[in-house]
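Some structures are shown below for you to check.
Here come two complexes built around chain A, the first alongside chain B, the second alongside chain C.
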Partner chain A sequence: MKRLSLFIVLFTAVLTSCHNRQGVAVKEVPAVSPQILNPVETDKKMLTIQGGSYLGFLGKDSGRIVEVKSFKIDEAPVTNAEFLEFLKKNPQWTRSKVSRLYADDAYLHNWKSDYEIPDNAKPESPVTNISWFAAKAYAKSVGKRLPSIDEWEYAALADEVSKDASGKAEFTQYILNSYQKKGMYKTSIKQQKPNYYGLYDLYGMVWEWTEDFNSVMISGESRGDSSQNESLFCSGAALTTSDLTNYAAFMRYAMRGSLKADYSVNNLGFRCAKDL
Partner chain B sequence: MKKQLIFLLCTLFIFAACSQDRKETSVANDANSVYQLNSDWENQHSQQMKLADLNGKTVVMAMIYTSCKTACPRLTAEIKEIEKGLGNYDPKKVRLVLVSIDPETDTPEKMEEYLKLNDFVGEQWLFLRSDESSTREFANVLSVKYKQISPIDFSHSNIISVFSDRGVLTFQKEGLDSDVSEIVGEVKKQLRNS
Partner chain C sequence: MKLMIRTLILSALMMFGACKQNSYRADADLNGENIKTDGTTEVMDLVAPPYVQTPVGDRSAKKVVVNLEIIEKIGELSDGTEYNFWTFNGTVPGTFIRARVGDEIELNLKNNENNNLPHNIDLHAVNGPGGGAEASFVTPGKEGSFTFKALNPGLYVYHCATAPVGMHIANGMYGLILIEPEGGLPQVDKEYYIMQGDFYTKGKFGEKGLQEFDIDKAIDEHAEYVVFNGHTGALLGDNELLVKTGETVRIFFGNGGPNLTSSLHIIGEIFDRVYTEGGTTITKNVQTTSVPAGGAVIVEFKADVPGEYVLVDHAIFRAFHKGALGKIRVSGEENPQIFKKNEQIDKVL
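Right, the complex of A and B next:
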């Protein structure tokens, strides 16, 4: 009899502990989430861009005035050294640990190891081969966010001397020339002259992730989009761009439209932004 | 002695069952599970939830917005067809989920109204919204693209996704056409595996 009661007590104990553990296991799901981030310190300089408006480039925005609120943006792309700091604090984002949901297998493939930057790049080179999810996580960890397409395009209208150089043929030519340079992502940031606002390397170094890159629906990947969008790129796509001479912008949108958020690309990096 | 043996066996059995349970509950940590997303969502009953709350159910999901007049009604009609195609199923094991790409407009009231309007009644029907950033992130997990093109209009990809009971994306149907047999087959397969 004694034994029986002991048995019952033990049985209950085991069952209870079992339930407890089950509960804990379920709760662990968010706890291991790569989105729960340790904060990272950064002293990267940010510049304030006064809000305004610009002429939209594509589709429904083509020829439409797009309003942009004032915001802050990093003066240059995030570097290997800065990204390394982020990885040290957030190992769930290292190459060997990152979730396949958030990065394809090209993620940081050029790094020597989880915490060693590529041989052929410098600590002050822009970090590349990072997915949109990783860029977003980095931005969050430093208390910032990714810029929107409109913010990026608005800030990138400036040449060295004016806020809006979009009407200058030589500026377009400068951008197109810079797009033809190869391997610039292996060089250090801030070697070129900054633009009117003091922003470096918007052109000719890396393509940059934006928060809403997936609002560009121009590639085969946007498969069977809803009807409003058909005019965007099918047949006469280029004709909907507001300014046919602005082939450079067209290239950027085409690039964005071809991306998926888990893609990691050799010459695709990012910089962060922030509300004022 | 016999009693002791039975006791030992029972205990072992319980421990074994226990560890199995743990395995099942922790698979939401699958490398490809969307249940890793930690974003906060709100359903048509104004209840707060995480995607991980769908763990254990086979999920059919589409991203739409309630004020949509063009593609969404067709997407919604396809979801209805899919549900019909499942025949007799256990509503506890399935979640048919609409996710708003216009979370500002799509309040819980609007979401509930939309579900009712389409006769989407029962525990298996969910309409979710989050904040803009989490919505875009989730869209990116599904490779869904969308853009607000006027205060009331969005253009967007027409994709219906199927998730296993562990939140792993197993199938996507792209574009608008009426043939739902393939996606119905996939949901049934997932239900058998779950």
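Right, the complex of A and C next:
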């Protein structure tokens, strides 16, 4: 049974989700009248990830065992075709109609029109240039939500053969290499081998939004952040990061830290999650 | 009693601090703060290494706009060996920045939308948090900006400071910024811009094809390549630096690192003047000067005799086995008074 209601009130948490970087003025998002989302049907395959725990990477969780409850997650990133369906049902999220509060001017900027995907991308390519607000709206419309950082990181510990490959140096190297490949977001999903759980394209295709991406506080001064929530990197990180050799994780957290909820980036997409 | 001693020491320290502050402010080199800009604005020319912009001369302080764009791109590290460079304005090292003390510098940092990663910039010439790192932290497709006043003359390194910092620097994200003193540096005939960097590739030195960054070698400081200006041949063959006899040469030399200190030396030349560590103190008659990772130096010499002069890191295996080698070709009249080869005399044994 879909946990959908016809009237889903969005953005109740808008004010609390504002990205507040150290030393940077809080970008105020004024309260707006609740928006109405039309539900969208989807048959996207979800996989169940059995809960467990993992070693927190940084900040207050660094070196701590973080518990993750069992959850469901899309097997691959949301595609252009899937996002197009969402736009057809919810035209307020098309490029021409979207509120600038919820998406910057790079939002779907490669699309040929409101309902035409980019020339150089495929229907089965991951949708990119979407803001956090838009990703969240999509997830709600299909009765899902965005995964948390912990859920994403936990599922992404797996290589092809094991649940937790975080101790394998070659796995880190594999991820680092995949992060250097260019233009992978223009290719179709599910062309690479899935990981242990059957999840595709966690690495090397697109960065992915997470529900609480903005809990990562990288001030940009990667070596000095030292207060608890902002403890990251280099001198600060030497004390607050659980694994200094995990360059791949550094890159993911730096990317999250560089984002604001209205940003739309060429190689940033998302996949959805759900409670069991 | 204890308290009294403590108070005495404290007041003594405070007095010392006060004295120090007085002399500090009187230092002629550190007066950038009081220099007013003339109200004009100039957008800085972008010149690719090994060349630099024209000297500031005796121009007054002004506002200078510096536009840098971060570009991640595959390029050659050596003939037939490619590497995924991360760059400021597409070159390793990044664009030279040239300004004078008292200038107000607006730095605009754009992160190309096709880049994969967030980046930023830390200029060692900045007095301010992180050298601008925080203010310039940008995700792909965005632009960051900050303005700073050039207070201290000297030659400074800039680099990316985004986590993992070591990797960003190892991939080529560094350059130099020169803050000339009031009235400019003394005139010379030729000026060049060279930076040393160590690279950590999966394959051994000389292995062909696209080479991946090797995190273990980087942490162990086992460089496969140590090169000038991002390529083993950046200063060789057609790229040799051409100088005529009698010309004075100034090299703005920086060391991006990330790990190794450079023992900068030119085979067959003596540095007449070295601005030690890129600062104000001039050391004369130097054979080899040490340039730390994240540091810089200005060296000057006069080309006396024609020939081929080889710029090396005198940690010499790096020069002959890892690429830290460049050539300066001096052409012109021989000067036997300074150097001549003697006729060989066949000795009868």
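Quick note on the criterion: the second predicted complex is superposed on the first by the 222 of 276 C-alpha atoms of A that agree within 3 Å, B and C clash if a C-alpha of one lies under 4 Å from a C-alpha of the other, contacts with A are read in each partner's own complex, and residues count from 1 in each chain.
Keep this in mind: a residue touches a chain if its C-beta (ideal position, glycine included) is under 8 Å from a C-beta of that chain, and two chains touch if they have at least 3 such contacts.
Model, not experiment: these values are computed from the prediction.
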Which superposed partner A:266 touches (first chain B, second chain C, both, neither): second
Touched partner set for A:214, first chain B, second chain C, both or neither: first
Touching partner for A:203 - first (chain B), second (chain C), both, neither: neither
Contacts of A:111 with chain B and chain C, given as first, second, both or neither: neither
Which superposed partner A:36 touches (first chain B, second chain C, both, neither): first
Touching partner for A:133 - first (chain B), second (chain C), both, neither: first
First (chain B), second (chain C), both or neither touched by A:177: second
Chain B versus chain C as contact partner of A:86, first or second or both or neither: neither
Interface residues of chain A shared between complexes with chain B and chain C: 21-22, 221-224, 232
In the complex, chain B residues that touch chain A: 3-4, 7, 10-11, 14-15, 17-18, 21-22, 25-26, 28-29, 31-39, 50, 52, 55, 70-72, 133, 136-137, 139-141, 143-150, 153, 155-159, 174-176
In the complex with chain A, residue positions of chain C that touch it: 72, 84, 113-114, 116-118, 120, 122, 129-130, 133-142, 144, 161-165, 167, 212-216, 219
Residue ranges of chain A touching chain C (in the complex, touch as defined): 21-24, 106, 169, 172-173, 176-177, 179-183, 218-224, 232-234, 237, 245, 247, 250-251, 253-255, 257-259, 263-267
Residues of chain A touching chain B in the complex: 3-4, 7, 10-11, 14-15, 17-18, 21-22, 25-26, 28-30, 32-36, 59-61, 99-101, 132-133, 136, 145, 211-212, 214-217, 221-229, 232, 260-262
